[in-house]
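Okay, so chain A shows up in both of these, paired with chain B first and chain C after.
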Partner chain A sequence: MPRSFLSYIAQRAVQCVLVILIGITITFFIPRLSPTDPVETAVNQAVMVGQFSHPDAVREMKEALIRLYGLDGTLLQQYVRFWKGLLAGDLGPSLSSFPKPVMTLIRGSLPWTAGLLLTTAVISWTLGNLLGSLAGYYKNQRWASIVGIIAMALHPIPYYIMAFVLVVLLAYVVPIFPIGGAIDIGLKPAFSIVYLSSLLRHAILPSLSLLLVGVGGWFLGMRTLVTNVIAEDYVTYAKYAGVRDRVIMYQYVMRNALLPQITGLAMQLGLIFNGALITEYVFSYPGLGYLAYNAIFAGDYSLIMGVAVFSIVGVSIAVLLIDLAYPLFDPRVKYQ
Partner chain B sequence: MSWKRRLILFVVVMLFASMLGSYAWAAEPGATLDVAPGVPRHETLILENPEGRIADPGRFNRWAQGGGNSTGLQQLALDTLWYIDPDAGIDDPWNNSLAEAPPIYNEDYTQMTVKLRKGIYWSDGVEFTADDVIFTVETLMANPAMSFGAQFQLNVDRVYKTDDYTVVFDLKQPNSRFHAIFTVRWSACFIMPKHIWEKVDDPVAFDFNDPLVSLGPYVLKDYDPNGYWYLWERREDWHRTSLGMQYGMPQPKYALYIAPGPADKRVMAQANHDLDVIHDLTPEGMISLVNRNPLSKGWFDGFPWAHPDPTLPAVMLNNEKYPLNLPEVRWALTLAIDIVNVSMASYNGAATLSAIHVPPTGGYLEWYFDPMESWLQSFSIDVDGEPFYPYDDTVAFRVAETVRKQLGDQVPTDPEQLKKALGYGWWKYAPEVAEKLLLKNGFTRDRRGNWLLPNGEQWKISILCHGPTVPTMTRAATMIAEQWTKFGIETKAEPTDLLWTRLDYGDYDVCLAWCIETWGGHPDLFWFLESWHSDYYRPSGEQVVNKNPMRFKNEELDRIIEEIKGRDFDDPACVDLGIEYLKICVKEMPIIPLMAYNVFAVCDWYYWEGFPTADNPYTNPVANWANTKFMFPMIRPTGRK
Partner chain C sequence: MRSRMRVISDLYRHDPRCRFALSVIFIVVIFALLSLVSPYDPGSSYYAPPSLPPSREHPFGTNSRGQDIFWLMTFAVRNSLTFGILTAFLSRIIAIFVGLTSGYKGGIVDRIMMVINDSFVVLPVLPILILINFIMRGQMGLMELAMIMALFGWAWDARLIRSQVLSLKEREFTFTSVFSGTNTARILLSEHLPFVTPIVLSTTINNLLWAIGMEVTLAVLGLSNIGIPTIGTTIYWANQHQALISGVWWWLAAPVAISVLLFIALYLLVVGLGTYLDPRTRIQRMKGALSDERA
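Entry: the complex of A and B
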């Protein structure tokens, strides 16, 4: 393996670790600067349950909660404690669902988010880029114009509206799909047709809503890129040289236009760990988005950190991998 | 065929199979729907859990953080000594639940004795006794981070039993309302099963899930590990619970609490008869639903539909801040509000208005509103030496008239019905009188007509309000801001997610929120009024206990609170003292009362009938209240399948 390659990898890996360190540090401090306080939230909830609480009782409860949540000590002491825990793989207990470990909560939601968003991200990227390439390359064809118009019409529709239109049309007016949820009530996980069919049926509307909006974006981006690439000299030369249209399209045009889209895909895959809040809300679908949303409102520092750590690490590693993989897509890119 | 093609074919076949399956299921005539395997739809009551998705669904420790409470847990599985229904109750608003009788206090209220019902059993067959009550109190006292722990520490000197069915609390100081800790309004301190919790090392960490032993008539059958639904099944021995013992068998064999998502989806779900009890909707959602499903019924049979909760949203004024510390300025702001427009903007007219400082709900119409009516008619404020009579008892009719243009015959015409549904009256819209009051206090107008403070600075007001989670309140705040701006005060509505924290610390001038909450079914006002005593006054910057965030102090009111505290909970003289409190508030106007917190709880009478309504007000239909357990023995199946 060439020395320059190893040096490049080492340099990028160090950069990646630094980005993760800085990102996590910023995420540690920002929620603590926000006025939302997990102890206040917990006390307010407890007071709402009962009658009027004497000020001394409220103070006593607050002090007990601060100790319990591990929020005593200076910010620096808390920061050191956090890193010790993180390096041992422990993100601590959630403050809004105390004392449930943050990792347990994330572990429960992550598979749903990953399953939905990974699949839809990859499918919409593939479909969008494929259709975008074809529409850009065969831009004078009638079908290309029609697909272009559909994509342009779909893409600007606010996601919330798109999701609702699908629910109204396909779960209420023509009730083909369930109105919400991830699985039929009472169905236990099993590798059976009944379970898998229920899983699929519930995933279709959320997936479709993400796909319709996602495909449009990739399509429009790719079509523009391809339109630019086909004007390049080497494409014109290939045409005159009698290279087959299909080869020009896939080997010359699409491959060259794809690079920015690959970066986009990497970023999107990394951001999967943030979840898809609106999808989860509209379709009552489990995932990380709702978990993070509630954590922010409850001032649950630990859970915010947990979701953020996954997101920061996910994006950083995805970008690192893409950087390393670039030469595979474009031989002109060198490790330097 | 390649494996890829086989995989694609498999997915496609599965999709079609599931689609066809749904069609076939829906289309098969006479088919019985199941909400879950082996759980027939017609035997199940489906209710909305307004908490949404529960982040930690397997946690049922109601005495500590985490988990949900409107999942059926506090409605169907937990129980405590007493309940006060916010409406009329099945036979009386006061219900002796686990207790056999009301609390027995000694003469100076330093001791409370509780007689417990005999023959109540936990769902695992262990008898409920005094030991459970004592254990609950002692466990919470030892853990002040748990709900009620610090309160017990402060109040309870000793708790002990004289026999298995008699518990005695020796209190550290006189407290005639100590029983309120064990009395459900919407929740309270529930009782723990000693035989389960005594084996637990850390009560805060304990999930109370393995097993969740129930004291109510249902047991947990299943729940969604993702936190969207909870399925409960009626106990075989339901007659050994306080509810079954008193009112017979709860009718639904199963109860399913679900988080159905946004309001539009709730409308769709009930229109499809997939959601029997909606917790709350927007006014527009309500109109849309009753137009789609004639079997969807609110509290009132027709406009305004909503159930008035015993909570009073109000324009909170920080009485510490100049010029809001001046009663005449507070009155000027009141008279610069056109309540008809506020009612239209916030609730589409479906608000139950209140001119006085208690919510117009439950028994309060009879206890407080009727007796106050003649006093309000004759009440006047001095405006430049002339009396001005601000009370307007025609608002309900004016609101009805406005709404009738939109909803036609759906709006009732009977004056008595309108008063009950839309409120007895409110304060006149009199900006010219408000102007005189401000001028009298040294305010002036600039060239553009905007009000200047006596020191020459422009008067600006920001009205804190809830964000989109409570849209009715946000809309009310926006309308009031518009009206005050029109009057010449530069006002804006400021939605915030930190509303309660800012109220607690006095970090506001004006806010649209609530601090007056009553029992509804009992006239005692001590529930919220205790913290209005000047002993509990905390200046802005310090955290106030959340029932006096307006920082109001009044010596006469202190006397009233002390007198109420010294009297028995059921002493009729407390109502007279309550009326004195109301008169002080009208004169001083520490906050501007607006309306009851109306909740569009909608019940679908398709599978079940006999839900509570204004005509049959045996309990509150709002699904997150623990009192909704009383609905279960009262509803009946319609026979539809």
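Entry: the complex of A and C
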């Protein structure tokens, strides 16, 4: 393998490790530097509810929680312990569904988030880029400017508002789709038409809200890129040389304009992930976002911590994978 | 100052998108300023009959807590806008510092700064903000939230600023300043900063959008200070009172409609500004102005 390719991979891997390092360190310090103590909060909550009113019991609970949250010992000891647990895939037990480990809960929600995120990211990226390049190439056509206006109106709307408007319109005012959940209640997972159609019906609205925002963004970016590439000399030359329109469009223009969009996908994955989390909350879709919401509701500190840590690691690795796929599209990285 | 007014009037005249955007923003700002003459205190409730549909007396209706939604929204929009501007301003300080220094210094400083920068670009911010707000729940005002958001919202813009400085660095006037002994800070602030002002402006609006949207997200999850009226907390309270199920749809319609309008307007302003600043379209416009003069 050529040297530049290897150094590219090494560079991306270092970047990935660094994102995880910075992200995890931030999450480690948040509860420790914050003026409010998660243990204190949990104890106060329990006392308010009426449990543990005996002072000894309160003290014991406090000590147990400090140990549970890994808040005992010096800061350095805590930090080392934090990483050790993480590398072993151990995020401690969840408080609201004690003694279930946080990791088990996350593992249960992960497929839903991954499924929602991956399908919508891939579809919106492909669709947005395809439409965007067509609109950039045929920019004087009427349909291109109409799609452009729609994209500009949809793209800036925050994920929450988009999801919310869709749920109101298509599940409440005109009840075509289910209002929430991932599957009809009581349905057992099976490879049957009933199960799959229920799965699909529940997934349509959450996916649609992510798609509408996503396609608009990729469309607008790609349209600008293509308009710029078209002005390049080599495109003009190809036109005069009599190369067919389709070939110019797909092989010359699109392929070049696509490269920044691949980097863009890697750069924006964190934002798209945020969107997926909040969309899950709106539709009670049982992924990480919904898990986090329930954790907030139940005051489950270790579960929120787990979701944050896991999101950082998951997104960084996904970004690394996109970065590693980049050379497939850009031969210059390989043969420099 | 005069030239800045001229940019606005240029934008207004030449670009229908900007005309729409500037008009909407103007109306929204006036709406927010109306809070200063509100007959009701945003903290009080049950001063009006609850859950009235929009009428002449209450243009946006009243909510289930007996508050007039029109006047409540003037406070909400004002707070959300202030919060967004504050966040955008604070994160600008970091973005400009990192962008200018990294681009100008180059070498190892640039590489280290950009690796950190890219980490912040990629980091999924929402789970981290959820964690922070969960721990400090109820103790954070909008000011504190803006400070925390600023710490996470600078990275993308720093990169854009850096890329501009990279080209400025190679220009003649930079060499002149360096050879005449101007110190680095002065070169960056008085020679380079004016050139990156346009891009700073457009990223500021983008950041404003992001901040207001994030506040809505956090508020809806019940994680911001729900005692302060903002666009987000208005939606939160409406959801808490199950406004849709009890048929008080106008309680939700007001914040959703206003925020959608505001978001589209701000975004169109960014797009319009981008087109305006793009040298290619600028030349076209100048040609147009010339032929106007001739005619």
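Convention: the second predicted complex is superposed on the first by the 237 of 336 C-alpha atoms of A that agree within 3 Å, B and C clash if a C-alpha of one lies under 4 Å from a C-alpha of the other, contacts with A are read in each partner's own complex, and residues count from 1 in each chain.
Basically, contacts are C-beta pairs under 8 Å (C-beta built on N, C-alpha and C of every residue); 3 or more make two chains touch, one makes a residue touch a chain.
Predicted model, so just to flag it, every value in this text is computed and none were measured.
A.B. asks: For A:G23, using the defined touch cut-off, is the partner it touches chain B, chain C, both, or neither? Pick first, second, both or neither.
C.D. replies: In the superposed model, A:G23 contacts chain C only, not chain B.
A.B. asks: Looking at the overlay, does A:D233 come into contact with chain B only (first), chain C only (second), both, or neither?
C.D. replies: A:D233 sits against neither chain B nor chain C.
A.B. asks: By residue count, is chain A touched more by chain B or by chain C?
C.D. replies: B
A.B. asks: Kindly classify A:S311 by the partners it touches after superposition: chain B alone (first), chain C alone (second), both, or neither?
C.D. replies: second
A.B. asks: Looking at A:L277, would you say it contacts chain B, chain C, both, or neither? Reply first, second, both or neither.
C.D. replies: In the superposition, A:L277 contacts chain C only.
A.B. asks: May I ask you to decide whether A:Y172 touches chain B, chain C, both, or neither, giving the answer as first, second, both or neither?
C.D. replies: Both partners.
A.B. asks: Classify the contacts of A:S97 with the two partner chains as first (chain B alone), second (chain C alone), both, or neither.
C.D. replies: first
A.B. asks: Using the superposition described at the top, list the residues of chain A that contact chain B and also contact chain C.
C.D. replies: On chain A, the overlap between the chain B and chain C contacts is residues 35-36, 164, 168, 172, 281, 297.
A.B. asks: For the complex, which residues does chain A have touching chain B?
C.D. replies: Per the touch definition, chain A meets chain B at residues 35-37, 40, 42, 44-47, 49-58, 60-61, 64-65, 67-68, 94-100, 105, 108-109, 112, 164, 167-168, 171-172, 175-182, 184-187, 193, 196-198, 200-201, 204, 280-284, 286, 290-291, 294, 297.
A.B. asks: In their shared complex, at which residues does chain A touch chain C?
C.D. replies: 14-15, 18-19, 22-23, 26-27, 30-31, 34-36, 38, 41, 152-153, 155-161, 164-165, 168, 172, 220, 266-267, 269-270, 273-274, 277-278, 281, 292-293, 296-297, 301, 304-305, 307-308, 311-312, 315-316, 319
A.B. asks: In their complex, what parts of chain C are in touch with chain A?
C.D. replies: Result: residues 17, 115-116, 118-128, 130-132, 134-137, 139, 156, 209, 213, 216-217, 220-223, 235, 244, 252, 256, 259-260, 263-264, 266-268, 271 of chain C touch chain A.
A.B. asks: Can you list the residues on chain B that touch chain A in the complex?
C.D. replies: 11, 14-15, 17-19, 21-23, 26, 35-39, 52-53, 55-56, 59, 64-67, 69, 143-145, 147-151, 153-154, 177, 180-181, 185, 187-189, 204-205, 222, 224-229, 231, 256, 259-262, 264-265, 268-269, 271-272, 274, 497-498, 500-501, 504, 527-528, 530-531, 536, 538, 543, 545-547
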